[in-house]
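Some notes on the structure that comes next.
Should a chain be cited, it is by its letter among A, B, C and D, assigned in written order, with residues numbered from 1 in that chain.
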Amino acid sequence: MTNTKIRVGIIGGAGYGGGETIRLLLNHPQAELSFVHSRSNAGNPLYSVHADLQGDTELKFTDTLQQDVDALIICLGHGESKKFLQDNAIDARIKVIDLSQDFRLGESVQGRSFVYGLPELNREAIKKASNIANPGCFATAIQLGLLPLAKAGILKEVFATGITGSTGAGQKLQDTTHFTWRANNISAYKTLTHQHLKEINQSLKQLQSGFSDAINFIPWRGDFARGIFVSSCITTDRSLDDLKSIYKDFYAGHPFTIVSDDTIDMKQIVNTNKCLIGIEKEGNKVVVHSAIDNLLKGASGQAIQNINLLFGLEETTGLKLKSIVF
Amino acid sequence: MTNTKIRVGIIGGAGYGGGETIRLLLNHPQAELSFVHSRSNAGNPLYSVHADLQGDTELKFTDTLQQDVDALIICLGHGESKKFLQDNAIDARIKVIDLSQDFRLGESVQGRSFVYGLPELNREAIKKASNIANPGCFATAIQLGLLPLAKAGILKEVFATGITGSTGAGQKLQDTTHFTWRANNISAYKTLTHQHLKEINQSLKQLQSGFSDAINFIPWRGDFARGIFVSSCITTDRSLDDLKSIYKDFYAGHPFTIVSDDTIDMKQIVNTNKCLIGIEKEGNKVVVHSAIDNLLKGASGQAIQNINLLFGLEETTGLKLKSIVF
Amino acid sequence: MTNTKIRVGIIGGAGYGGGETIRLLLNHPQAELSFVHSRSNAGNPLYSVHADLQGDTELKFTDTLQQDVDALIICLGHGESKKFLQDNAIDARIKVIDLSQDFRLGESVQGRSFVYGLPELNREAIKKASNIANPGCFATAIQLGLLPLAKAGILKEVFATGITGSTGAGQKLQDTTHFTWRANNISAYKTLTHQHLKEINQSLKQLQSGFSDAINFIPWRGDFARGIFVSSCITTDRSLDDLKSIYKDFYAGHPFTIVSDDTIDMKQIVNTNKCLIGIEKEGNKVVVHSAIDNLLKGASGQAIQNINLLFGLEETTGLKLKSIVF
Amino acid sequence: MTNTKIRVGIIGGAGYGGGETIRLLLNHPQAELSFVHSRSNAGNPLYSVHADLQGDTELKFTDTLQQDVDALIICLGHGESKKFLQDNAIDARIKVIDLSQDFRLGESVQGRSFVYGLPELNREAIKKASNIANPGCFATAIQLGLLPLAKAGILKEVFATGITGSTGAGQKLQDTTHFTWRANNISAYKTLTHQHLKEINQSLKQLQSGFSDAINFIPWRGDFARGIFVSSCITTDRSLDDLKSIYKDFYAGHPFTIVSDDTIDMKQIVNTNKCLIGIEKEGNKVVVHSAIDNLLKGASGQAIQNINLLFGLEETTGLKLKSIVF
């Protein structure tokens, strides 16, 4: 624990990921929000975009890129992060946490190489890293549901269905986020072709080197704003007790990922940085349910968790969030 | 009952009002949907826009205005209806039912004058009319809650709050219909200045000529797609029993407006053409609750009700709709 | 088509299934609702329980079992149907449609044997039947998604996830239907052990006699009231075009089950008797999405469809329902 | 600020109010949760009831009443608080914060008299108090919308409509909290007779002694779990600018109540302890919109705010909560 606070700037602060990152940093006891960069909103107070911040801060968006920070969290769209780092010279000593998918598969830019920022997989590497590629939301939920099986070397073909809230589709107005359409509705998209499959496979192979089976993943759009719930079905002869031990051992010491002995539901973790895991077994099939908040453990919360690790803070600092529950 | 079906064309069939009108006409036993006009979708099947119609009809949108119909239902935006009737010569014998607010206050166009199409107020005039200005959604709910008081000459200043579903805001993508924003949210808009106040006042004065008190109306956006619920508070010395008699007498013979002796809730009428009314009294204040489906009794359902009256059909034909209830 | 209407009585009319059956019969042009039996509500109007029926009917619940009907639709809970038929002598000429699971697996009672009432599977047998065991809701959605593959003899192990609305859990107050818990929540239940698997397997074997692979089914509770959406994943070498042909051929002539060429969403069919099917293929995996309204095609609507078949009516009579869409 | 933490016990910890109080105390940097009393759950971990607390605490419910605390927060039902304090001898030095309505109107018990715990009205009295009667949820939202007018002596008859989430109705299963009924539904209840009117009138008279006009309040049930939104309409000749100044002056120095210059919506404050106020004027009518989270500023959050004041802590300690926003 240090006396001086970690100084953090945000690039692309007007979207959902940026907003959540702002909210977390405003309440973080050992980090401070130095600036929030947004070209289109420069000069306006943060609450002109994030209206819930009225009364919390008078900080304004800026279009000036400040270098007197310890870390930058980049909350730009996919493709834009790489371009931003190409177009702007960032001091080498500034650590970068990027929320896009631009650097999750080993890509580098301007001499910066990135560690895949899933603490349950790469905690020690993250602590020593300079740059972090923050995992995708579905990628986080699915990996946390499968990593212990890969570590045990018993992962086989996976059949997973996951559902995500509308915030997963971002702030842009689109047909599938029109309230009238989405309310009380369920639909599938990117069936078997979700872009997160690559980073999931990369992680699974990191633990179970020969793994080459398919992750058959069917994503659904849910009629709620926040949260992800995934059920993954895998064939195994291991007993339920064995499996629970494998999971509990794997996540021992990881404060945010909890293996529950009860049935789980998504709202237990909404508005928190937790991942909750439930395991059931019938015949030779195990079903692993995993739930996260897509904007927190699936994005901004995990970014702050990575900040904590990068700067030697207690991993949970600023992340003990009251769940919404109801 | 006639042997030949009423032939109806729809102008502006790609929006919510157009879609509901299509749905009702497809199932109407004594009317048939002759064509659906939509410039931007011409040539495409109706279900390319209204995806729920798959399996119901192979009819396609057209950009040809056909004159071999008995009635046109115009489902264009406010201002566009007038322009359409100015720009297109419609046979004088074709009756026009217009869903916009262009003709609700006595406006006429190309020699066409319009009867305000609220059957509970103007049924006999509607039967003899050539053109109908279909009432607004909030206007319908509020008027049906107040007309009996005006008829009895006891209406005074009104304090009303109403809530409407997202379909009231139309199909266009906008910030206030983004799912992420609207889900689990309530907000006020157009406080005391809603555009429907004019047609409401016009109707109230039709029944209580000297009425000049304010209708103080606060509209809210609700976190649901369909339905309107209004609570109107008025000062009166009449007893609750008297008031219930006044309402029941007024609506006797009107099949869609029901004065309930029990507490009412909005979902009792969602997906139907009904208006449900509940009355409560405390001290010298009466509160009238009124509920409609904004797209049916508040738009397309009332248009079909007017079609039935215009062509001498039983008023409820094609409008006995199964409620959604749950 | 007959001049005299089919007379139908309902046993157990106070629940969701009973309510929907009432709603459908009230609007059915060739059937009439003779009586609604409910011991606990006898003497009260139907709208005392089903409040949306105000203004639609003054019929009252009765505790007298009338025999002057052509058909009985039994809407009692599982186990109670069998008991009801054991305890009450029903005229042999009265056809029975039972919504429970008591007779779906070949069970008989008092000399009555039952045909499994899935018209897309057993239409000809239903037409000649005396008693119908109406399928379960998830069972209907899953079977309609798989039957064409079984008919083609190419069905293999299935991995399916399905989500259902709160009406699927019935009218009884329980923790999992508390609004506060269920709103914005997702949870799994009866993982791999849902009771409908038996009737599903029975039907699949009827078409593909040697089929013995597992149907691995994970049911989820959704945060909406009506509707079921299922995604089923199966391994096959057939091309997507072949598969679509197989499905379209199978459902040709079946008016309620529609194979869509577009992506589908659940609300396209909510409040209708339709089943909508979408098919996607990636590698050697086909994913079949199927959607129904659990209370209509999954219960009461299918019961009326069976009534229509039993009495020689056009299959869609009284079932051309306006969808809720929004 | 003290070095030792304030020790707090909770009586009645299994309900919604108890649960939220637990969540806040677990994250409070200067208070600690000493025990949670619940007769029916004694011996079970808190997360057996509040499932979202898995991974946060291993504390168990107890049926032993411990006296080694600085404060007790009583989260029992109305009527039960008084009974609890009559039946159990509590050390006189222990401060009591009661969430029920038992002591809001000047009632006392066992020599304990209570200060009405609305900090924006009674902050100095609260600081010196021994016992606090925590305000009701609707009472908080309505008062915060009206107090500045009463302070200015210009409050007149009020017409208010408010909407509340299902958590306002508590944890007990009831017809009006059944998901199937409440989803997408709106209904009125306790029209003009809500039990909070008494405490509202008491506070208004405290500031505007001659005030005797009616508060005509129509409460609605909303189809969401958390939050309250109230629109209050009052006649006044003061200009909008004057009114805004009156409000901003009144709430200057009160960290949680924010007078917005923009339109407000409910979700801006859900899951926070804030009250957000928006003011609009048309003719001689002012409409004040006020929004709170019924479980936080309307219950448990305000209780912790009172704890902070009672023990000389910074008023916002432990209450800088991340909003749910989406």
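Just so we're on the same page, a contact is a pair of C-beta atoms (placed from the backbone, for glycine too) under 8 Å apart; a residue touches a chain by one contact, two chains touch by 3 or more.
Computed from a predicted model, the values in this text were never measured in an experiment.
More inter-chain C-beta contacts link the pair B-D than the other of A-B and B-D. The most distant chain from subunit A, with centres taken as the mean of CA atoms, is B. Our note on geometry: subunit A versus subunit B, Cα centroid distance of 46 Å, whole angstroms.
Centre-to-centre separation between subunit A and subunit D, using Cα means, comes to 34 Å. Rounded to a whole number, the gap between the C-alpha centres of subunit B and subunit D is 40 angstrom. Shared contact sites, meaning residues of subunit D that touch two or more other chains, fall at 16, 165-167, 180-181, 183-184, 223-226, 264-265, 267, 270, 326.
Contacts from subunit B toward subunit D in the complex involve residues 159, 161, 163, 180-181, 183-189, 191-193, 214, 216, 218, 220, 222-227, 229, 231, 233, 263-267, 270, 278, 280, 282-283, 285, 287, 289, 291, 326.
Across the interface of their complex, subunit A is touched by residues 16, 165-167, 171, 173-175, 177-184, 223-225 of subunit B. Of all the residues in subunit D, the ones that touch subunit A in their complex are 16, 19-20, 23-24, 26-27, 50-52, 54-56, 165-167, 183-184, 225-226, 255-256, 258, 260, 262, 264-265, 267-272, 274, 276, 295, 320-326.
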